[in-house]
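Take a look at the following structure, please.
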Amino acid sequence: MCGVVGIYSHDELITSRLTFYALYSLQHRGQESAGISVFGDYIHIHKGMGLVNEVFNEKKLNEMRGKVAVGHVRYSTTGESKIENAQPLLAKTKKGALAIAHNGNIVNYHELRSKLENKGSAFITDSDTEVIAKILSKELLKNDIADSLKNLTEMLRGSYTLVMALNDTLIGFRDPLGFKPLIVGEGDFGYVIASESCALDALGARIIRDVSPGEAVIIREGEIDFVRIANSKRKAHCVFEYIYFARPDSVIDGRCVYDVRHKIGEILAKESPVDADIVSPIPDSGTTSAIGFSKASGIEYLEALIKNRYVGRTFILPEQNARELSVQIKINVVKSNVQGKRVVLVDDSIVRGTTSRKIVDMVRMAGAKEIHFRVGSPPIISPMLLRNRYVNEGRAYSIK
Amino acid sequence: MCGVVGIYSHDELITSRLTFYALYSLQHRGQESAGISVFGDYIHIHKGMGLVNEVFNEKKLNEMRGKVAVGHVRYSTTGESKIENAQPLLAKTKKGALAIAHNGNIVNYHELRSKLENKGSAFITDSDTEVIAKILSKELLKNDIADSLKNLTEMLRGSYTLVMALNDTLIGFRDPLGFKPLIVGEGDFGYVIASESCALDALGARIIRDVSPGEAVIIREGEIDFVRIANSKRKAHCVFEYIYFARPDSVIDGRCVYDVRHKIGEILAKESPVDADIVSPIPDSGTTSAIGFSKASGIEYLEALIKNRYVGRTFILPEQNARELSVQIKINVVKSNVQGKRVVLVDDSIVRGTTSRKIVDMVRMAGAKEIHFRVGSPPIISPMLLRNRYVNEGRAYSIK
Amino acid sequence: MCGVVGIYSHDELITSRLTFYALYSLQHRGQESAGISVFGDYIHIHKGMGLVNEVFNEKKLNEMRGKVAVGHVRYSTTGESKIENAQPLLAKTKKGALAIAHNGNIVNYHELRSKLENKGSAFITDSDTEVIAKILSKELLKNDIADSLKNLTEMLRGSYTLVMALNDTLIGFRDPLGFKPLIVGEGDFGYVIASESCALDALGARIIRDVSPGEAVIIREGEIDFVRIANSKRKAHCVFEYIYFARPDSVIDGRCVYDVRHKIGEILAKESPVDADIVSPIPDSGTTSAIGFSKASGIEYLEALIKNRYVGRTFILPEQNARELSVQIKINVVKSNVQGKRVVLVDDSIVRGTTSRKIVDMVRMAGAKEIHFRVGSPPIISPMLLRNRYVNEGRAYSIK
Amino acid sequence: MCGVVGIYSHDELITSRLTFYALYSLQHRGQESAGISVFGDYIHIHKGMGLVNEVFNEKKLNEMRGKVAVGHVRYSTTGESKIENAQPLLAKTKKGALAIAHNGNIVNYHELRSKLENKGSAFITDSDTEVIAKILSKELLKNDIADSLKNLTEMLRGSYTLVMALNDTLIGFRDPLGFKPLIVGEGDFGYVIASESCALDALGARIIRDVSPGEAVIIREGEIDFVRIANSKRKAHCVFEYIYFARPDSVIDGRCVYDVRHKIGEILAKESPVDADIVSPIPDSGTTSAIGFSKASGIEYLEALIKNRYVGRTFILPEQNARELSVQIKINVVKSNVQGKRVVLVDDSIVRGTTSRKIVDMVRMAGAKEIHFRVGSPPIISPMLLRNRYVNEGRAYSIK
């Protein structure tokens, strides 16, 4: 998962800042690195490891002037945390400078890379974005942007939502499967393309519409065009966007993420009903579904758990008992809310079984009479991790 | 507001780490500076600007060994942000090393300081804690700890909750007014004294009891004594601890902070009833009271606002329109939750009227039919800041 | 100017450290960025802005394990200081990983780049090293290393001393003009290739010999081969290496740099003899030539100027009077050494005329009766900068 | 050893910068910490660990405005490197703010501190400067500055050169033994007091005169007074100032440091004459004496050793062979200058015997026929460290 942004601004002095704020609102999509490339009289690029406001400062933003910008926040999936893999990738081609911000996963990356290497290509980065850059660089020699994207689509398999700048042109493109979201907005300043609508809200821009799967949006000299690149039979929405990737205040393909999560809570309440005294979220991920669960079940909504708001990324873990203490330091039980009560705990998923189990233990130790655990998504890891004493009933786990 | 911690640990290797975790759980009480002093074969002290886990690292914690420790997190009230004012203050006296962590406000500080200066005293810091150090240093020449604290109490006016180490002795003291909280706990490791019970939870310690106003707790060689220092007619609980200083999972003087905030929400619902479709908190400060309001009124609890979880302390503000954008970047409206609806917004207080007003504006722009604003505490700043168009009805503000 | 290093070590645990020390001894050749790539079970690369020991630490060096390594220190000639341009450049090709460290200047860089772009190539960096990587990547498809270098040589114009790793093979190459130096050494650990012999000394390695212009050295599995790649009629030694680039303790193409500079001083003394009381260097650049001048002329060697040893790269310049003060802060006159005396000042060159002029003014102000200024190299900038009052007599400037 | 500075400037905007430059020129006297206190409408103080230009920046200097300033650079003698011990020490007293910068060593510090503790004093720092602050604070209650200094002098034993600000008054004071230097200068801007005359040169100020042992200089509202505080029979010049503490371009108590070191070289040549081919310094400490040795003996001056100019404080030492390599990395032999020759090496002292021995070994390995080692000061450490094979002849050590 990553976050991508493209800005076309009439005023070249505010473009970098608009990109900054848009990335800032997409920070939940990636905290490993951040980067912005601005195309003006000069081609600017600045990338760094860390959060958006760690990588950029006033001085840097003021230096980067131009009407067109591309931004990216990266989430490390591989564990390899290197500045070389930060985006956007800036390539200089026969047809001009090309900045690419990519959200997705090219399934046939190694195959494509081998083909290019067999012809003598040298790869400078380990990122699949360089494959896209090399293919587009060749395609643009003889084709226009739309045809180049069409040919690219025929080569790539997987998901690839792209925001790109080619000289004075800003391009957004969503692959035919449409796995990763992309939305276009308009504000006083010009246009914005972004992974989620919350980035539009951050800029005070209104939604024009989602980019459809297989469609490109091309913005040049203040003119905006939606161009169909490839036919797309199905809309393979990434359900995980709704369940935990996206921000709840975003609207993706016409559906508000908050509504979806609230509804999941309602469904959980009907699917696996339970007699209980209170329903509480695992903060912050389970909040919306817990509210929905409470509404549908009529069980009182009360917070059993409080999160330490200052838990950061660089937290020092004790050498011994690390696993035990780490949860306790981040989350605490409000004892009087659970003592002698039957408690329903709701989360979005069981990404880390050990964390979930530890929280259940903490609530039990605090005096809860019964604990019922409900999760919005099917278990990703084996429910075995919840040990035998937890009864697995689909998305519901109970302990008495 | 500050946070104070004292640790007496049988195992001198884990003392610094226990203090670290306790301070970490009290981080909400102060983010300007953090410091720990550990008394062992050597007297260690380390202080720095910033969050607890920015100031300390594994190496530093490993170096600081001893059975007794004092910790402090500081909240800047004056705007003067200097390392010189970080605590604990470590003073060397005739009777040994004395580390002082102070939470409070000495009302007659300047008067006491003048008296000491008139006798030739030189002050190295600007902190009122140095006055306490100088008085105690003199008192301890001829008196024991309890009598020294008694004489100190006769000199000081204001609030002063202290955690101190004097050689191998750990001392906690709460002034007779008892404005600032102090609680004592016991764990496998030994004893902990802290501003709030959430620090005890973080260490897996159980509550022994609150230190009473005018009382000291003295821990030496594993023995714990509660000593009455001064009579105290009244318990001047700091209501702001319950309303917004303390963490909701803390129990202060026998009352759970969460319960108090929940009850405030219930009272608000009864005090100023309103016909509405949803009740929503201003995140995160209004959450608990909003849940209580929903319960008492029967109005559906639904989040109108989503906070950007990555808003940090070092956020870059745009030079122009700073005030307008700054809220928008931090908080966004879930439009579908408010469109065409009558919305009750609940917060703990109106510390910054401009923020509250901006949020109300955002919710209205998103399509709310009516907005009713309820706050847990009496307005600290003039409701004028909410402009005339907001009707002031005590702790309730409505706009249609 | 840059510094390049290649290491082949039998013990893969010490390779990164040997490279580090060799680069450290070549720090004078570039202070903008430093980088090391180590080829072992993994391909490691680490680059950063700043000095060698700012970029690397114990932890990083320990991680980088393998028998073959390439290192680079970069001197910014363009003023564009970007991490993207730091070297070595690591490229992944059909024939394996290729790390390139380059010292030189490709004269027909833009022409070569255009040709490649016309075929669809996309350039990720602004460095001429990427052109070399792309050409070699293609050549290696069908040719061995020697033939690939031969074909490369036919395409490139300018200077290009290269140290490269291709999988388990370490390669050094010096262009036919031989402008930039390259020397090979042998130690207990294995082999070292470096810009200057001082890097060999730092590792306790003995000189095997200089790489000749047009020659490559190829080290694979402990075997070393010198291979002639291109004929070379002339040896275009870069005179500036002797005059001020190289370290005086280095031996380049059989001549000790110290000797050359000492001899320059002797020649200056004979070329433009002068009656004077003392001869003094401009520290540190003029020291060796001043000693030679003293020997040949018989004039007493005495330091007129003392340099502040703590002048660093990040020095704060005052906003006003910057140019005036900046020299005075860095260098001071020993008044008693110049008062009433006829002083010969010797420097290696007049790179910055303003600095030289300011120093002459300072010595005059301190009471020198006559000042005679001698420089080792022809003036690079116009002697006009020395103003009319200084008489230009070739490499001699006098003022009375 | 430390460096102290006091500035009285008519223009309050440049005071902090003048202090900065003066400290910068005294950086050789201490690299552990740096601090400046400026007295204007506000009392400013800023201290930090590290070099002067690491601790201060433009922004910080611009904030600190006032006519009077005190500065300090600290050299750690104890190994305890703590910001708490950085100077100046700023104390608030009945008579106003008092900033103290101290260079020296109070012999009866512990005795004085005990006396004060016995009266109930609490010490906030571990520095002997706080004892001075406490004594002066009491003295100033009833005496003027001169009498207070007089009484101070009667209490203190040891060396204590002080530069202080008391409200609008700048004070310099040198203890009766006069161990540590202090000099006063005048420039267009106003007055400067400093440890060495090189600080005056850095500001373009001319020398007024040295402060005599037992004398104070008091500058108030542009008026300067020299006041005799205590009689002083002897001038116990610190010989180490001349031999290696001070900068060679400084003039201390009327003698130019360069001259003294040059003369030491001459004396060495006469004291222990030797037949040799070249005389070379150990860079940079032995340079001036080596030049003097060459002059007196007639032996050719030639550098046998070249120092890596980029060796910094944070150098990474290899875990194994650390002692061996560390010298080799910092200093290299110019082989052609020593091969087959009889070499005299001159240094200021043998502070670290292992370094000297290692250098001698390196020169021998490089082919020197004979090595004669001469040092300016009596050996501080046991010559045993030079092993038996080096013959100790007073300040001369020879090896054949």
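Note that the chains take the letters A, B, C and D in the order they are written out, and that residue 1 is the start of every chain.
Just so we're on the same page, a contact is a pair of C-beta atoms (placed from the backbone, for glycine too) under 8 Å apart; a residue touches a chain by one contact, two chains touch by 3 or more.
Bear in mind the structure is a predicted one, so any value in this text is a computation, not a measurement.
Between subunit A and subunit D, the least number of touching-chain steps is 2. The chains in contact with subunit A as well as with subunit C do not exist; no chain meets both.
Of all chains, B has its CA centroid at the greatest distance from the CA centroid of subunit C.
Note on chain placement: the centre of subunit B and the centre of subunit C lie 58 Å apart, centres being C-alpha means. Centroids built from CA atoms put subunit D at 47 Å from subunit B.
Separation between the centroids of subunit A and subunit B, computed from CA atoms only, is 34 Å. Inter-chain contacts, as defined above, occur between A-B, A-C, B-D, C-D.
Of all the residues in subunit A, the ones that touch subunit B in their complex are 17, 20-21, 24-25, 27-28, 31, 51-54, 56-58, 61, 198, 201-202, 204, 247-249, 251, 256, 258-259, 262, 284, 287-288, 291, 294-295, 300-303, 306, 308-310, 312, 314-316, 318-319, 325, 328-329, 332-337. Subunit B makes touch with subunit D in their complex at residues 45, 83-84, 89-94, 98, 117-118, 120-126, 130, 133-134, 136-138, 141.
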